[in-house]
Amino acid sequence: MLKGYDITIGLEVHCELNTQTKVFCNCKNEFGGEPNTHTCPVCLGMPGMLPVLNKQAVEKCILAGFATGCSINDIAHMDRKNYFYPDSPKAYQISQLYHPLCSEGLIKFSFTDDEGTEQQSQVRIERIHLEEDAGKSIHDAWGKSSLLDFNRCGVPLIEIVTYPDMTSAEQTCAFFEALRARLRFAGVSDCKMQEGSLRADVNLSIKPVGSDTLGTRTEMKNLNSVKAIYRAIKSEAKRQAEELSQGKRIIQETRRWDDNKGRSLRMRSKEEANDYRYFPDPDLAPIAVDEEWKNELRKSLPEMPAEKMKKYMDEFALPEYDCGILTSDPDISSFFEAALNHTKNIKSVSNFIMVDMLRIIKETEMEFSDVCFSPADLAQLINLVDTGVINISTAKTTVLEAMFAGEGSPDAIIESKGLKQMGNEDELLKIVQEVIAENPTPVQQYKEGKQQVIGFLMGQVMKKTQGKAKPDTVIELFKKELI
Amino acid sequence: MAVTKEQVKYIASLAKLEIDEKDLDAFTKEMEQIIEFADSLNTIDTEGIAPTAHIQGIENVLRPDSTPVQFDTEKLLSNAPEKVDTCFSVPKVVE
Amino acid sequence: MNILGLSAIEIAEKIAAKELTAVEVTRAYLDVISQTDDAINAWLYVDDAYALNNAEKVQKEIDSLLSQGKKLPALAGVPVGIKDNMCVNSVKTTCASKILYNFVPPYDATAIKNAQKNLMVILGKTNMDEFAMGSSTEHSAFKQTKNPWNTRCVPGGSSGGSAAAVAALQAPLALGSDTGGSIRQPAAFCGVTGLKPTYGTVSRYGLVAFASSLDQIGPFAKDAAGCAALFDAIKGHDEKDSTSYKMEYESSYEEIDNFKKPTIGILTEYMGEGVTNDIKQAVIDAKAKYESLGCDVIEISIPVLTLALPAYYILSSAEASSNLSRFDGVRYGYRSEGADDLQDLYIRSRSEGFGTEVKRRIMLGTFTLCSGYYDEYYNKALKARSLVVKGYEDAFSKVDILLCPATPTTAFKIGEKTDDAMSMYLADLCTVSVNIAGLPAISFPGGFDESGLPIGLQLIGSKFSESLLLSTVNAFQNETNYHKACPAEKGGAK
């Protein structure tokens, strides 16, 4: 919150579509690679070359429209946006200005505001249009020249433009996460921010509390993580407020966010901005989306996270919070759903995923999609716990970690590590008796009514059995022995 | 309409062209002459007439997203005035 | 055998009859080029070894097909000159511009590929106005092509090299491109036949773009039959060009003798001020000829055609300003030495690499697309385009074909118009509206003016009416000898 001011925020989100080939040529659409090995005369803008539009890119743009509640326009055109830049080989970007594919959408979401209150919110989408991504300039160490790699050039990109409906960093980040989840569930992009397949520009202005007139806005570019969006909003709102408090004017300009330094720097003012000279690209025919095509695509749209969440709550009777986590990422929800095909213990699958698996994933800084074992493996592990073959704490630590390390299926890991639970009463009785003999003081305390000492005694048994003792049996034995 | 030297300079900067100061007058005059000729379009009534950006009436020229094709990178770089490994090289980019 | 006295079709027939080989024919034309091109300057790039090597390969294919008793493509073994804005794999393609002075494309234009598939032999690359912008070939960065009928005159443009080469018997056939008349106007100036096909019938893939919505590749030949056969060879759907029509085409060559006695409208808009009397008279003579052949000829007016020239200069320049932005000295072509930074490199490479006319068009196009002027100029031109399209549609509901001059004057003197861009632009008066509407049109010899320079007539048809245009010209050529005249016989360049 900014004292005395209201913040107004709009986003322009760029999202690379996960097609096999680029949007106007048959080059591979893939992150990385040796420089210029995913290029051809078309995406390098060589003389006489012509673009041919990738149908899948159009369809994924339309799916993104459906996923965000947009209307799909009957006719869309490709336009040229003219500007010279080293990573733009034709010196124009093929984009859509006058007739985009999708217009007027809405996303509902909830977020926790800066006072910790849960808020329901919605942000309107102005448009989604299809365009091509640019290449990359690599600046060499001695600063004399720049090297150009066009592998990314021509990768299909959609730009999602929101209305300026957001008023805080918390709300903006929550919206962004909701949008990202929808795009991922729609299957149109991997949305990997660290690889640049999802990027956001933030338009921000402030105005005195209660004022009806919007302030002058700035545009911030180069926001490569949700954290960066959050920090950039906080920082820019503060900067603008400081300028105003010093009696200065806010200048309409583009600023570049430097996440390392935690501040933004001026790139260019509105006056220096290019005149992009948009006009309809004569090389590309209009796109006509009839009802039949729309319906076909609408039918193919996978379930969106909000619907899925409702289903989980209704059908599986899981808590809202758990469902929220399970539906935050399509990789998680599909893993969850697949595991349910192999076990009946829904609650346990949910717990294993949202608590234990996500903990390990976070600790090891991996993505859920990097998990190397199958949902069936997780289900097997849960079934082994439920049938008493191993105890739950061994399952959640030793076995699960071994599974993440790719050491094989749960039963193989249990076998090779000798983790099978000791359930044999005669064997366990001996150990229980040993523990009682070795710990006279706690035993005395227990007998005097201090029930919780049983935990300590259990721990001693586990130590002697390397955690393999079946807890229920041990407790029964203690109770019998200590009467 | 009249064309000014400032306009010509601005247009040249957008087009990344340099017009010699000594040619500027002549160029401006010539531009003005051509623009005046183009102005003759303003004599017509275009009320209610839709612009024709595409004369063919073709729609949805789309290709399937099939298996990627690789082009010989060496050939692509063979016309490069300067290159480093498989990159095109240019003087440093000043922003 | 006098190879040079044969038409393209006759050459192909003799090759099919094994009376000639592709190699002999190619060598004959290479000889003419080496003997006469110092005077004409029609060619930018001819590599005898390359052409002969291709001719040998083609002849081998021909021999193999003949030995199997198979039918040859209509122009098998016939050499063809290529305007230097069409990419030929591994052959220098410069667009007669310094900015592409050393560019060697690693790909073929589809039209070239199609010609090769039809067993034609690429002779070399012909001169043109830089990036096809011009009507005289004076805007070539490399040489001035002369009109073979009078070497003090221009050959027309922008495909001046291709037209002059066919007129000077340096090639039986040539390919050109037509954005606002660049095939038809030089064909008229040089006394040859040139077809501008319907937009979208010949792939533009590999044609270095001038104005994408107007550019179209087409054939030059001495006669309509040669044009028909070459058009057949290069046309067809191409999935690499999104503006290429997806359809099956009939063979225009097979229809060449199928004269349909079309109803002809004389287009009065191109018979008025600015058109010389000699040319008007040639149109009137042609009218009489067609009437004698059984055609109804009426006068017809399309008043909106006066909008075509300003609309053309706005649209073509706007598209060109964008199309030519890729020439920036970064990935190919000319790079200025010693630039401090990238912006400097752009400005220097482009300012040094482009000629004056190209810069003028880029400037005009940039201007008309600027915010604030877009609606007033570019969008207005698109609306004028709608009116021109409609105007032609209405005319073609009344007549089958329109007859008019191809040019308002015959070939003008070299240097006569170079200082006056506007007067040069008026040379396109009779041709640009056809491109604006995407229609086919053909320019063919219709006589000579008082100074002995060829006069070009033009027939304009509705979309996809090339066969009708070609057969109608063929009928005229069966009755006249203008297309058979040679500059040498008429006292032109020896």
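In order of appearance the chains are A, B and C, and numbering begins at 1 in each one.
Just so it is clear, a contact is a pair of C-beta atoms (placed from the backbone, for glycine too) under 8 Å apart; a residue touches a chain by one contact, two chains touch by 3 or more.
Computed from a prediction, not measured in an experiment: that's the story for all the values here.
Asks: State which chain is most central when centres are taken as means of Cα atoms.
Replies: Nearest to the common C-alpha centre lies chain B.
Asks: Would you identify the chain whose Cα-based centre sits farthest away from the centre of subunit C?
Replies: A
Asks: Go through B-C and A-C and name the pair with more C-beta contacts between its chains.
Replies: It is B-C, judged by the count of C-beta pairs in contact.
Asks: Roughly how far is subunit A from subunit B, centre to centre by C-alpha average, rounded to an integer in Å?
Replies: Distance between chain centres, rounded to whole Å: 39 Å.
Asks: Between subunit B and subunit C, what is the separation of their C-alpha centroids in Å?
Replies: Once rounded, the distance between the two centres reads 23 Å.
Asks: Roughly how far is subunit A from subunit C, going centre to centre by Cα mean, in whole Å?
Replies: 56
Asks: Residues of subunit B that touch two or more other chains: which are they?
Replies: As it turns out, subunit B has residues touching two or more other chains at 14, 16, 53-54, 56, 58, 61, 63, 76, 82, 88, 90-93.
Asks: Mind pulling the residue numbers of subunit C that touch at least two other chains?
Replies: Within subunit C, residues 103, 106, 213, 239, 242-243, 321, 325, 328, 330-332, 342, 346, 366, 370 contact more than one other chain.
Asks: Can you pull out the residues of subunit A that are in contact with at least two other chains?
Replies: Correct list: 41, 44, 46, 52-53, 84, 86, 146, 148, 275, 277, 279, 282, 284-285.
Asks: Using the touch definition up top, name the residues of subunit B that touch subunit C in the complex.
Replies: 7-8, 11-12, 14-19, 27, 30-31, 33-35, 37-42, 44, 46, 49-56, 58, 61, 63, 72, 75-76, 78-82, 88, 90-94
Asks: Can you name the residues of subunit C that touch subunit A in the complex?
Replies: 85-87, 93, 95, 100, 103, 105-107, 109, 204-209, 211-213, 239-243, 318-319, 321-322, 325-328, 330-332, 342, 346, 366, 369-371, 374, 378
Asks: So in the complex, the part of subunit C that touches subunit B is made up of which residues?
Replies: Residue positions touching the partner: 102-104, 106, 199-200, 213, 239, 242-243, 245, 304, 306-307, 309-311, 313-314, 321, 325, 328-335, 339-348, 350-351, 354, 359-360, 362-364, 366-368, 370, 376-377, 379-387, 389, 421-422, 425, 437-438.
Asks: Which stretch or stretches of subunit A touch subunit B in the complex?
Replies: Touching subunit B from subunit A are residues 19-21, 26-29, 34-41, 44, 46, 52-58, 77, 84, 86, 137-140, 143-150, 267, 274-275, 277, 279-280, 282, 284-288.
Asks: Name, in rising order, each residue of subunit A that touches subunit C in their complex.
Replies: Residues of subunit A touching subunit C: 41, 44-53, 80, 82, 84, 86, 89-92, 146, 148, 275, 277-279, 282-285.
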